[in-house]
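Structures follow.
First chain A sits with chain B, and in the next complex the same chain sits with chain C.
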Partner chain A sequence: MEKKNLKGWLYLLPAILFLGVFMVYPLIDVFIYSFEEGYNSASGTSFGIGLYNYEYVLHDPYFLQALKNTLILVFITVPLSTLLALGISVGLASIKKLRNLFQTVYFLPYVTNTLAVGIVFMILFKPTAYTDGLVNIFLGMFGISPIDFIGGPYWAKMLVLCIYTVWVVMPFKILVLTGALASVREDYYNAARLDGTSSFRIFRKITLPMISPTLFYLVITGFIGAFKAYNDAVALFGTELNVAEMNTIVGYIYDRLYGEGGGYPSYASAAAIILFAIVLTITCINLLVSRKHVHY
Partner chain B sequence: MKIVLDHLTKKFPNRNKKSDQDVVAVNSFTFEFPDGKLIGLLGPSGCGKSTTLNLISGLAAPTEGKIYFGDEDVTNLAPEHRGVGLVFQNYALYPHLTVLQNITFPLENLKGKEKLSRKERERRAYEIAHLVQIDGLMDRKPSELSGGQQQRVAIARALVKMPRVLLLDEPLSNLDARLRLQTREEIKRIQKETGITTVFVTHDQDEAMSISDMIVVMKDGVVQQIGAPQEVYDEPANLFVAKFLGTPPINVFEGTVRGGKLSIGGEEIMAVDGACDGDVYVGVRPEGFIPDEHGTLSCALSGVEIMGRDVSIVSAHPSSQNATVRAIVSAETRLDISAQSVCFSLKPSKTFLFDRRSEQSIPFTKDATGLFRRAVEKKLSE
Partner chain C sequence: MDKQLDFAKAEARLKRRHTVRNMLVYGMLTLWGVLVLFPFYWMILTSLKEYGAYNAESVPSFIVTNPTVQNFIDAFSKVPLADYFVNTLIFTLATTAIMLVVIIPAAYAFARIDFKGKNLVFTLFLALMMIPNELVIITNYVTVTNLDMRNTFMGLILPSVMSVFYVYLLKENFSQVPEELYLAAKVDGTSDFKYMWKVMLPICKPTVITITILKVIECWNSYVWPRLITDEEAYYLVSNGIQAIRESGFGRENIPAMMAAVVVISAPLVLLFLVFRKKIMAGVARGGTKG
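Entry: the complex of A and B
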């Protein structure tokens, strides 16, 4: 028995070593940094220990802006993309002809590079010397004056960021949901059909509960993913995110480390711990809700 | 409600794209299922019995032919308007709903005039649950039930909307042997109490024989024989039916008929008055052998299996189609186990002749007294 145990640990050793060095140690380190005031990574010294870093970050307008942006992004894009993906995958499941074609089309954004997609969005939204962008040309047909989606008002920029995020995260959700829908046994539908169940009721009472585990998986991972948003904003608005008022928490952390206002690992660590606390809370709430509503 | 099938045919396009020939799952099935009876559709897998069930339920549309419930033509009626209750092979109970919710599910679909109050729905659910004896389990989820209990819930769900016809697809295949015995009696009882015309599909001949009022034996989409279980067992229409029914299976020998005498392997066995001359298959039920030292069928004895109630004599015969010849005789029979061979005489009522080419049954006079008389004469002449 003892020997068997030893063997098990031996097999786990490489993974444990790597995780320890590259995950656990940095995590603990970040936690410590966040309490060390004025930590200097070059000299490895600090002035003292306290909550000053948190106080600073929580009063930093850039952080508050980033927090606001991130929260808007999370609470708009996660439900929206999940609902849209659900609608599309239910649609895909109910058609026979051209299903594969549509599946491919909907999955394309997933295999496309984020920055390449950014360029597509530029063409759609960014005004240049020659054009106001495709969307503005379209809006112009209804007599709406051109809006600067990239450098203009806050709501316009937020709208573009949300559309972009939804567009980027949806393919994966469609893929997973299509799989979940396909795994619901035909017999359930046949049984319900024999009983004269309307298709809306079949969807609400049978399909939805059956795929609820997948749905909640997508919501939870969606929330976590959206809280970590950064590269989407960069793809659209460039690296000067604070100027564009489009920064996210991860963007703020990066800036505090290496960006314009960089060189402050303590502030970055404190922001990272705050982000971690938010994500943890939201995930716990999600899990509590799902325990009530997810079957099996 | 009687069910009438009129030249019902279902063809599926061939999976093999090189072949234009359709796969005929059900071929011109014509039969009237009598009202209030339990009818078993029996056959090996792929014989079209499940397709027949799907056609009756409306989940599949026939290629040709008509289906009537009573006098009403339901061929083009959508399944939800046919008033059928279907119990699926794997029960298809909604796993996220409790037993009560599962049973009331069909009732919640009723609209307009038929709409029921919640109280009335539950009252009906409990009534049906009581009938199938699951009223103590109403708050459980299907995953918390045993296979047999799930089966009952599925039946209750099919019955609660008071269907005109109840259909069961392989109702016992997911149960263990012991539960199977118990549940099949239960199905019989429920069917009797409700009086609903019930059709069930099975590949297990034991199951079909034991509870059906009538069985339909199918093979390759073609109905082979229809009748009361005992009738089909005693008078199989062809070799397939004879082989398919009965455990242990029937023993088949190659034989010939010449001038009203049957011989197997050159030995004259018995008189078969009325049978035409020709090559035949001889089917003998295991219980059709009588160990008899003057018997005409001599087999090489390979062993005796004692099963308590009766004894199974295992032997071999060169003309036998089966690897072994198995005879079941009463436990009182005295047999010399050390002997090299065993001789049998055959009971004419348990012996069947089939044409070697068409495999159809050949009738002959089964005169039991004749056999006895001849046996006495034979003894006297010695």
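Entry: the complex of A and C
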């Protein structure tokens, strides 16, 4: 094929323009911001170059709170949702009747507006002047006294946040795992059954190894997604997340950029780069572990 | 004789075990189904309850005896829900349309046109896929603010247009179209542009539709960028709108009306999903995120 340099670049031009202005330039700029000390967004001047922004962010109690919240959220919801999704997908794979219906229902949370449905969760968990809220009434049947899940103790708020996060991320995980389970060849199962292998052993020795790449893919994307949690928290606790002690790292970045504590793009940039570094590290660890443990 | 009886017994036992296991599986699946559907049920139910009746219930009732549409009227008249809705519609349609105009030629160039530096640019594109939005949003915020595009549709739309992943997805699909077709078209004197438009696109329509739907979902639900860039209510999208309704809302805590707003906001995507169920699920399985 003859070379058509001009034409090729012409077709790419719009994409390159958009990417250049809104991705490549910002990517370089965010590093510059993060090292400029005392940057003033009004005058566009700074005192000098250094690590002060990182130091500030790492000593900021709001950031530390956000870091703690995010870590708790990540290490609870990722394993929990992955295991739950695995159980449900295996169940789905073993039935024929109603399978399509279940799959459709399970996917619904994916297409909903996280902020809008989060409000429903808030109402279910929140005691008001008139009522203890449905969840508390339910718990009351087991003799548990009402808990303010939205404005109450830290662990209660964290619990709701975890529950809502799991609810939101499940559709994607179930969908991907169902696909992976369906692609395991029937021959393997038949051969094992012919040998009289128990179904638990079949699961451990055939199914699990065959879908292990998918499981690791889900764990990695799950970690990345959970580290960027923010919308779920806003949906449940409103935009004043620092007051609610429920801020996340991403929330901290936006708060530093805009709003009450805003106007500090340098701090926001430093926090964003710290977040990126954490996610990158964890992804690399995951990849190393998966090299060892993903079979076939 | 005995042996045969044993066999029948064993078979019966196996069958029983099967039924028990099946019941457990269906029980578990139904439980999760209920947990998924319950919030939807609750929001529709609450949106139909009267304000007074709702607040009088100390134990919320699971059925509504006197359904009312007053909450929906309130949602549209007392708060600018219709404006949020129209804004989101404009934002979603414009962003998706511009995205298609931008990514289709790019994908075509990567798949069909041979030019200097193609492999390098393509690698760079792939590398950009790994850059999280959080990293670039800070500068974009400053850029858009400096350009005086806060509280404009331009400011909302332009930074949201590009999705490198969709370029990749479409390029993969374009590459699958046999090259003979391209050569034949060339012999007939068809231009690249016409070929892309009249041959490639119709063949790859399923992928284009999938990408369009995924982008629409993404736009409809976007919250962070609109929140940063709009502080005038006239430019709020539904996500910001519902947040505003929740915080200042109806002047008092009117949960039924709030739920009516939530129903209205959720309905379009749920309907879209029910219509394009297979396409959306296949598309998300191939290129979804949010997990």
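Keep in mind that, in the parts below, the second predicted complex is superposed on the first by the 278 of 296 C-alpha atoms of A that agree within 3 Å, B and C clash if a C-alpha of one lies under 4 Å from a C-alpha of the other, contacts with A are read in each partner's own complex, and residues count from 1 in each chain.
Note that in this section a residue touches a chain if its C-beta (ideal position, glycine included) is under 8 Å from a C-beta of that chain, and two chains touch if they have at least 3 such contacts.
From a predicted model like this one, the values you see are computed outputs, not experimental measurements.
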With the two complexes overlaid on their shared chain, look at chain A and say whether chain B and chain C clash or fit. fit
Which partner, once the models are overlaid, touches more of chain A's residues, chain C or chain B? C
Thinking of the overlay built on chain A, is A:Gly225 touched by chain B (first), by chain C (second), by both, or by neither? second
When the two structures are overlaid on chain A, which partner does A:Gly87 contact: first (chain B), second (chain C), both, or neither? second
Looking at the overlay, what does A:Ile206 touch: chain B (first), chain C (second), both, or neither? first
Taking the superposition on A as described, I'd like to know which of chain B and chain C A:Val120 touches: first, second, both or neither. second
After the superposition on A, what does A:Phe107 contact: first (chain B), second (chain C), both or neither? second
Could you read off the angle at the CA centre of chain A, spanning the centres of chain B and chain C, to the nearest 10°? 70
Which of chain B and chain C A:Gly238 touches, first, second, both or neither: second
Pick one for A:Leu194: touches chain B only (first), chain C only (second), both, or neither. first
Once you lay one complex on the other using chain A, what is the shortest C-alpha distance from chain B to chain C, in Å? 8
In the complex, chain A touches chain C at residues 1-9, 11-12, 14-16, 18-19, 21-27, 29-30, 33, 41, 87-88, 91-92, 94-95, 98, 102-117, 119-121, 123-124, 128, 130-132, 134, 137, 167-173, 175-176, 179, 218, 221-222, 224-225, 228, 230-231, 234, 238-239, 250, 253-254, 257-258, 265, 268-269, 272-273, 275-276, 279
Please give the residue numbers of chain B that touch chain A in the complex, ascending. 57-59, 79-81, 84-86, 88, 90, 92, 94-96, 105-106, 108-110, 143, 157, 161
Going by the contact rule at the top, pick out the chain C residues touching chain A in the complex. 22, 25-26, 28-29, 32-33, 35-37, 39-40, 42-43, 46, 55-60, 101-103, 105-106, 108-110, 113-116, 118, 121, 125, 128, 131-132, 134-143, 158-159, 161-162, 164, 167, 192, 217, 220-221, 223-224, 227-228, 238-239, 242-243, 246-247, 253, 255, 258-259, 261-262, 265-266, 269-270, 272-273, 277, 280-281, 284-285, 288-291
Given the complex with chain B, which residues does chain A contribute to the contact? 185, 187-188, 190-198, 201, 205-206, 209-210, 212, 295-296
